[in-house]
Each structure stands twice: as structure tokens, then as C-alpha cells.
Amino acid sequence: MIIMFTTIVSPLFADLDILGHINNNVLGSWFELGRNDIFKIFTPDLNANFENWKLIMLKTEYEFLNQMFFGTDVEIRTYVFRIGNKSFTTYHEAWQNNILCAKGKATMVHYDFIKQESMTIPDNIRKELEQHLID
Amino acid sequence: MIIMFTTIVSPLFADLDILGHINNNVLGSWFELGRNDIFKIFTPDLNANFENWKLIMLKTEYEFLNQMFFGTDVEIRTYVFRIGNKSFTTYHEAWQNNILCAKGKATMVHYDFIKQESMTIPDNIRKELEQHLID
Amino acid sequence: MIIMFTTIVSPLFADLDILGHINNNVLGSWFELGRNDIFKIFTPDLNANFENWKLIMLKTEYEFLNQMFFGTDVEIRTYVFRIGNKSFTTYHEAWQNNILCAKGKATMVHYDFIKQESMTIPDNIRKELEQHLID
Amino acid sequence: MIIMFTTIVSPLFADLDILGHINNNVLGSWFELGRNDIFKIFTPDLNANFENWKLIMLKTEYEFLNQMFFGTDVEIRTYVFRIGNKSFTTYHEAWQNNILCAKGKATMVHYDFIKQESMTIPDNIRKELEQHLID
């Protein structure tokens, strides 16, 4: 059984561009908002500082399938796509009016910002991530 | 009786700056999100296009009273502050952990984008705005 | 003699909104970019961290005089408007095609983030700020 | 001979996140700024409106190789990576202090927003794009 995370976002008027749809640049923020649930697995109180925070971004990708518009909420669905030794990949979808409008992935490294080096993902965190692993 | 609008926003990790608090630049978007309820008074379906949209921004101001942080939702409260002949002013507050952290105002002009000229606010809209008028 | 700072910004396609003009939310970033020259007076190497950085935002305001468009650079002009004991105010203008399109102010407090308290602006910094003081 | 486009961007203080580096979300805007030179091949006056604009985003990807910091300009280098029948892909790099810090690609479709359908890229535009085609 996969436990999916969901987050609702309301588009801003300013998220529209001249073409009358939500500009593609916004998705980075929306998918990051969905990742808050993943961040809590690493830092439960979300107390982000140089000592506590353990994730650095390696790679993101976004695919735009259908245009999104202003005036209707968007559901962000967040899963884990891959768990490596020191890094893992999240998978994200944006749904509006029951249409899958965008999807994306983000690969983050488990990272010690003090030593500036990557770290193995501990077993307890790995087990939690596995609950959200999509096929 | 004043009817206040409320909107909940979840800070992004990226909203933090190096000082460990939510950067002041974010408030413009958060207060605009709160204004969606005001926008609906003018354009009920929020179908924003050059013919339908009737508001242009004249002036905004923001006051930062207490630092806001990542990890806790923020409540945006939205009121009407002033109703003029062709323009009106909204008033906004951001609350986190029951602390008033920021407040602001925005003055918008009722505007015809086709003719590029300001217009009188119609009486039915004025009456709706008055329900949200704070002292 | 007043020494004005100038910074050139190129609008992004995404800065446009559905109304075909630059969305008002962008000005916060553009004026902050212009403030980099002011930030250097306080932190010459712009090495921003919790120990070095000495400014916290208290208040901003923006006035939108003329619409700005995509495809032409914008000149940001930055001045000092007021120098108080522990705080000061900057004044900003955005010019496009020789038209003053927006202006704004920002009031910042000289601040110790470690002690979380405001500090007097030292005389040498005050003297530097005075060189950019507009009437 | 490949003609590379270059654009200089100055990081904002607000582009920093709590980890003391430029947040990954910013790259979308920076690479889009670099694409202005590509946009001009399709719409020379950058007069962006529903009739004139001919590009819709299909896919973006970003890779973060080295951390970027506040206080030093970043050079964005823009190339064409692939030219298909109705779509093409741009390639982007961000350099700071002579270090390649991030790279990315964006695939856009030549698109008629009125008819809401994709269009063949005309030969004269294809020839111009070819001048910027990287191996």
C-alpha cells in the first residue's frame, strides 16, 4: 500500500501569464510545497537551519501536460519515486478539475551542510520513505 | 457586522531567507491570495482576461511587525479599508501562532482595460464591499 | 550632490500577467535588487549570514504610476530618503522608455540578529548613506 | 560555428535560502531570462499577446552541480539543443566565479494559441535556431 501525500494550492492572479494560463515557473514552488511532507520525515519540526537541515537539491524535472487556469484549486500529489544510498527522488503531480496537468520529479541528496558532504540515508528514514514509494 | 475573509497559506522552504525567517517579498503574494475573495465580487467566476478583469493596482504597503517562520501555517485576514468613487483599498493581516506578524493595504482602481480608463464602482459592488469594511 | 544608484533589469516573460503588463508583485524584487548598493554600505562583501547581516525590513510601499511591459529594459534608481537613529528609508524608482512607471520606499532597521535587537547606525555608515540622500 | 547567447543576472538577497546558497527555485526564472534571445527569433519585438506569441512550454529540467551564492553576478549561457518538426529544446548553463553551477533544458512547442494547436516550425526560424545549435 502506497501512502500518497496531497496538498491543495490556490493559484494567484499573478501566476497567470499573458497567455491566460498558469505560467510554468510556478510548478517548482507548488511541488516544493508538496514536499513539505517528505521534509518532515527528515526534519519532523521543519526547524530549518544549517545544522538541522539535511537535504540539498540535485535535479528537478517538470512536464506540462495540460494548461492550468486561475479560479480553481489545484491538488498536488506527492510520492517517493526512488530511494538510493545517499539520495532519493520524489514524484509529483498537479491535478486541476480532475485533469492531470503537470508532473515532475526532484532528486535530493542527504547532506551534511556543516561538513558539506553527502551522507547515507539512515534505515528508519528509508523505511518511512518506502511507505510512499510509487511503482 | 464586518465579514472578514480568511485564507490559510503554508510557507515554502524557499520562502525562508538566510536570516531564518520568511522573506518580506513573499507578503505581496500572500495578501494577493487573500484578495481572491475580493476579486470574486468584481469577477465572480475569476475568469481573468482583458475584457472581464476590472481592477488595476495603484498602491500597496506592507508593515512587518514580527518575524514569521517555516513549518507553521499562516492565516491571512482580508478586509475592505476604504471605498472611493473609482477606487478602493483593502486591508490585510498575516497571523502565525496567534501573533500578528504583518499587515498591509492595497489600493486598486476599477478599470476598463479595453478603453484604458478608470470607471465608477457600481452600486451593487459597492454594497458587497461594504459588508467587509473595517472601522 | 546626490549620488544615485542605478541598476538595469530585464523583465521576464513570466513577469507579465493576463492584462499584458508587468505584474505589480515584481517590483519588490526589482527594488531589492537596487538596494544591493545600499546593502554593500553595511556589508561590503555582501557575505550574508546571521552574524554579518545587519538589516531587517520594517516597512515597504509601492506606487504604480504607469504600466510596464515586456521587451524593454527597466532602470531602477535607488536613493536614501531618510536616516534615523536606528533605521533608515530608501527611495526607489522604476523607469521604462524614459517614463517613471513605479516608485517606492523601504524602511529597514539596523539590527543584530544574534541578540535580536536594533542597533544605532554607526557614524561612518551614516556618512556614506548621506551621500545618497535625496531632498 | 555556434553563436551562444549570454545574459548576466545579479542574485537577490531574497534568492538566498536558509542554507546560505541561492535556492534552486530561482533557476527557472534565470534560464527563462536567457531564453529572451530565443523568443526574439519567434517574436522579434517581444510583443507578447495571445495572437503573436507562438511558444508553449512542454518540459523543463534542471541539474544543480555547485552551490551559488549572493554577492557575485551569474552568467547565463543559452544554446539550442535540438530542433524537431513542431518543437525544439534549449540548453542553459549558469556560471558563477568561472564555475559551472547549474545546467538545464527546456522543450517548447511552436503553438497557435488561437486555434490551440501545435504548428510546424517555419524554415526561416529553423535556420536561425540552427546558428545556436550545440553539439
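Going in written order, the chains are labelled A, B, C and D, and every chain counts its residues from 1.
Assume a residue touches a chain if its C-beta (ideal position, glycine included) is under 8 Å from a C-beta of that chain, and two chains touch if they have at least 3 such contacts.
Nothing here was measured: the structure is a model prediction, and the numbers come from that model.
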{"item": "Comparison of C-D and B-D (more C-beta pairs in contact)", "value": "C-D"}
{"item": "Most distant chain from chain C by Cα centroid", "value": "A"}
{"item": "Distance from the mean Cα position of chain D to that of chain B, given in whole angstrom", "value": "32"}
{"item": "Centre distance in Å when chain C and chain D are each reduced to the mean of their C-alpha atoms", "value": "28"}
{"item": "Set of chain C residues in contact with two or more other chains", "value": "13-14, 16, 18, 20, 24-25, 29, 32, 48-49, 70"}
{"item": "List of chain A residues in touch with chain B within their complex", "value": "7, 10, 12-14, 16, 20, 29, 32-33, 35-36, 39, 45-49, 70-71"}
{"item": "Residues of chain A defined as touching chain C within the complex", "value": "13-14, 16-18, 20, 23-25, 70"}
{"item": "Interface residues, chain D side, partner chain A - complex", "value": "18-20, 24-25, 28-29, 32, 48-50, 53, 56-64, 113"}
